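Consider the two complexes below, in which chain A is the common component and chain B and chain C are the respective partners.
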Partner chain A sequence: MAAYQLRRSLLYVPGNMPAMLQNIPLFECDAVLIDLEDAVPLNEKDAARVLVRCFLDQYKARNKEILVRINGLDTKWALDDLKTVLPGLPDGIRLPKADSPEIVERLDTLLTEFEEELGLDIGHFRILPSIETALGVINATSTAKASTRLIGLAFGAEDYTATMEIERTKSGEELFNARMRVLWAAKAAGIQAIDTIFADVNDMEALRRETELIKRLGFTGKCMVNPRQCDVIHDVFAPKAAEVEHALQIIDAIKRAREMGTGVISLHGKMIDAPIVIRAARVLRTAQAHGLVDIEISEEDIYGTE
Partner chain B sequence: MALNSLGREIPDSFAGKKLLPYADPWSLQPHAERSTRAIRRLTHNGSKLVGGLRDAIIASGLKDGMTISTHHSLRNGDSLLNDLVREIDALGIRDIKIASSSVHVVHAELIPYIRKGVITGLECGVNGPIGELISKGELDCPVVVRSHGGRARALICGEVPVDVAFLAAPCCDEYGNFNGYYGPSACGSLGYAQVDAQHAHKVVAVTDNLVPFPAVPVGIPQTVVDFVAQVASLGDPKKIVSSTTRITTDPIGLQIAKYAAMVIRASGYVQDGFSFQTGTGGISLAVAEHVRDMMRQGKVKGSFGGGGITGYFVDMLEEGLFEALFDVQCFDLKAVESIGRNRRHQEMTAGTYANPFNCGSVVNRLDCAILSATEIDVDFNVNVNTESMGYLLHNTGGHCDVAAGAKLAIVVAPAIRGRLPIVRDAVTTVTTPGETVGVVVTERGIAVNDRLPELKAELIRMRAPVKDIRQLRDEIYAITGVPRPIEFTDKVVGLIEYRDGSIIDVVRQVRQ
Partner chain C sequence: MKIQRKGQAGTMQSSDLMVIVEPADGLVIEIESTVKKQFEHLIRARLEQVLAKHGAEGARISVNDRGALDYAIEARLETALRRAGGLS
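What follows is the complex of A and B.
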């Protein structure tokens, strides 16, 4: 099921703002990234992590994925961040400046230690590393395979353009190569690729253009800085009616095929087999999350029975 | 002391008047004739100008113990009521009751005159410091809060006899014709003043913009106006209408608006002939935008938009989404400008808008209405009058009228304000009875009144976050805790009158 976890929209929420934390259950995004890093001033680092922990402790009816962006592993705050926040059971850690596979491995080891201490299954805490420097982009391929905890790679354009000593533009040509490299690395490792934030919260048209672009390239989700951006992102990622209709036909066809004792069937003159069924199932699950269809797709529908 | 049907303790009488406890929204029948006033005959064809305010007061025959009124279409920009009371004081007149359509924050200037005995009663609700001081027991002045429809009813039935109405007249001629469309104090519709013009015993038009006869279009006609007074200014134009009314950018407000739009969609009312009312708040406007999009997408030709009108509704009218606007009050410059030139943008009187005792008011023809709330209880009762400290700070407006009239009254409010839970066990004051409220929408969920099971089922089908209102309350209490009840003394300082004249609640003095 984890492979089908929808992560279209990942909202940053500053860890030092109680009013915003309190509203996390209400936002319609798929995941939140509770930030202890850049959004939190130096003199509030300790207060913020306690606040986040208190929030996590009382947020029992979880309705979205919770990732905590800790401070970089090379800072003096990272370990305290983990120590305070992990007993609150977030789903995972957003790891900033994941420049190399070694950094991810280090976090993996730390998480294993915490899991043992907390009596959790090993692998409970997931990792979403940020690829946000030139070095990070170069190492993305190996970083993507550094841990089984990885749910995806997240591209961070603000830091990336800073390390490249360039300006970020709204059209984003300067990000193209980095985005592709992150995408290849993620796809090759079989994990999701999450795109960077779009900073201008008042320019919904440009947000839509950028989201359409990154969807075409292969990203399955986008980070965001304001809940108002959620509608546009979800709308772009929503499967189109024709797509949904086609996927329904595929699932229907493969069920008929299995009844006939085969795993391959022709639909409108095109061969339907496993990869096409998996893609159709992904479309339908996304459509279902958007409220476009009212069917549950089971593993059995996709893979058949033994 | 008796309990009304909502369990609120209602005294037998207040300020010398016997009270009728509220029973339900529908069954109370009027047994009255329309109020009458002396018929006049004016034989001269000259000017009705009497000079300034003081001359007008003298000409009107105002005496100790009488009741005056003004209209509140100039809202917080109004200076007429303050100027009037200052002149009344200067003339040595005492024991005056005010029965204006509303009193605003700007009228805090009246406080010394209440202390002095110039003003001894408020036959109308109040916004701001006057109500606070009365609630604290620092100001002794009985208040009767009425809805817009309820006030129209009280004047028309003669329950509140207005001796002299002083009506701000933004564009007026010397023979008393006036409208609200033009001039430095233009406010658009004069919907509230219309009732006073027809029922007050004496009518004075007060203008800062005397135009040559005739002042057209005629809003309030010469036939009902006794005198015309000229003043330098009726108020601060900047505060009369806001030049812009804006959609909220607060994510929580937008979330509430989105859920409210889901409710409207689920209701099935958005089809040809759709009618709609909403206020001016940022959330209301965001809902209006969703409704506009829904109407565009469905190519819906609506019937009318009603109530207080904003530029948003003007745009929808001009786009052809509504056949007409029924406007009791213009909220922004765009609405003022529109009502002066577009025949489909109709001025309506407060009586036509919301009076429960006539052959059917406009609120009865509403499909969906968006209403706000200060507090909501688990029986869907709504408070808009008293704030978290228990002070009387807000007037009812059209709240209970619209809720009673509309097929679907949707109350929108954030679940939490500051640290306060908005959905709670009991409201401090009942303004609008729960039996007239269809749905409560907060960012933490949608609660549907049990009398609308089909709407509830449809919302669940649409995957809207439908919750039992008690569950919603519990979720909010889990975050805020349960606030300690406010302590009141036994002294009743004000009444909350339901639109039919029965008493739905009282305001007690807060224990300090």
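What follows is the complex of A and C.
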């Protein structure tokens, strides 16, 4: 099984600001989203893509995942964005306004053409679509299956609330249905679910509450607008020591159960069976990605052998 | 490659630079920089490298540098040349 790629924290970096771009190697986030879209004014679109390309060309010792948010495929900039930036070999493209599977399929086709031109393996460039409109939310289930390049679905609450003509609140009740729909779509397709940004950089308490909420719902990571938000997000997503210990005991217990010829066993008076084991394995994989434990969980550990 | 009009790129923010390219006789490079004393020769070398890569001539290049790294110097000059009609 491929290594579980940790994407807890995805930091937006404005594409036209050298002071921010050249700090990318220093940020502690798991991924950056270099932005050619909303963070770049219309009269600087040409300059930003050239700057990003020059930055990527000299950023050889990559220490995090690099995604570039291009302008929407319905704009006149998108093609030039791809043409200029892709030879700089980002890991993938964050696709704004992924309102339908057809939009993702179009990007998939374009990426295939560029990969052929650049002599890369087909599928090299990944896609993280933004679900950020009412229509996007409705179509999320089919969008999530639109391409094998998808690493996840990303929910974008700022644009979503704009299309809904509503205010975004810190408690986020207005986002609940949309978040769930994005989550169901991502989980059903077996890809990650990435939550929206939290805009108030000075309110770390509210950021923590929101991150705890979206983790409980099932999101695996969160976008952010400021590197200072990284610590809170990582802290929330880090498996707690007791959680890791319990997961280890579960894996141990199910192995014992299988030796006894059964798929179910009791641990501290609670039933352990397949879904509990799958959740425990997830905790351990996350813990391993955090460097908290040094064990590999195999498919055999989770599902047993025939 | 021919400079057809004035082209400007970049900003005066820290770690960035402002580049202005204008039609002129010959090739003239003027550099202002917050780190002029230490780095003027390196900035000039980088600019010359990019100009040579694009075969630029007949241009006055005025640079106001705020401590930009090589990749930013290259990018801003390239954009200024492009905006000056000197690149396809």
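The definition used in the following text is that the second predicted complex is superposed on the first by the 250 of 306 C-alpha atoms of A that agree within 3 Å, B and C clash if a C-alpha of one lies under 4 Å from a C-alpha of the other, contacts with A are read in each partner's own complex, and residues count from 1 in each chain.
In this section, contacts are C-beta pairs under 8 Å (C-beta built on N, C-alpha and C of every residue); 3 or more make two chains touch, one makes a residue touch a chain.
Just so it is clear, the structure is predicted and the values come from calculations on it, not from any experiment.
Asker: Is A:Arg228 touching anything from chain B or chain C once the two structures are fitted on A? First, second, both or neither.
Answerer: First partner only, chain B.
Asker: Using the touch definition from the top, say if A:Gln22 reaches chain B (first), chain C (second), both or neither.
Answerer: In the superposition, A:Gln22 contacts both chain B and chain C.
Asker: For A:Thr305, select first, second, both or neither according to whether it touches chain B, chain C, the two together, or no partner.
Answerer: A:Thr305 sits against neither chain B nor chain C.
Asker: Which partner chains sit in contact with A:Asn43 here, chain B, chain C, both or neither? Use first/second/both/neither.
Answerer: neither
Asker: Touching A:Arg53, do we find chain B (first), chain C (second), both, or neither?
Answerer: second
Asker: Please write out, lowest number first, the residues of chain A touched by both chain B and chain C across the two complexes.
Answerer: After superposing on chain A, chain A residues 22, 58 contact both chain B and chain C.
Asker: Where on chain B is chain A touching in the complex?
Answerer: 249, 251-252, 254-255, 416, 443-444, 462-463, 478-479
Asker: Which chain C residues qualify as touching chain A in the complex?
Answerer: Counting only chain C, the residues touching chain A are 9-11, 13-16, 68-72, 74-76, 78-79, 82-83.
Asker: Which chain A residues qualify as touching chain C in the complex?
Answerer: Going by the criterion above, the answer is residues 16-19, 22, 46-47, 50-51, 53-55, 57-58.
Asker: Can you name the residues of chain A that touch chain B in the complex?
Answerer: Per the stated touch rule, the residues are 22-23, 25-28, 58, 226-228, 291.
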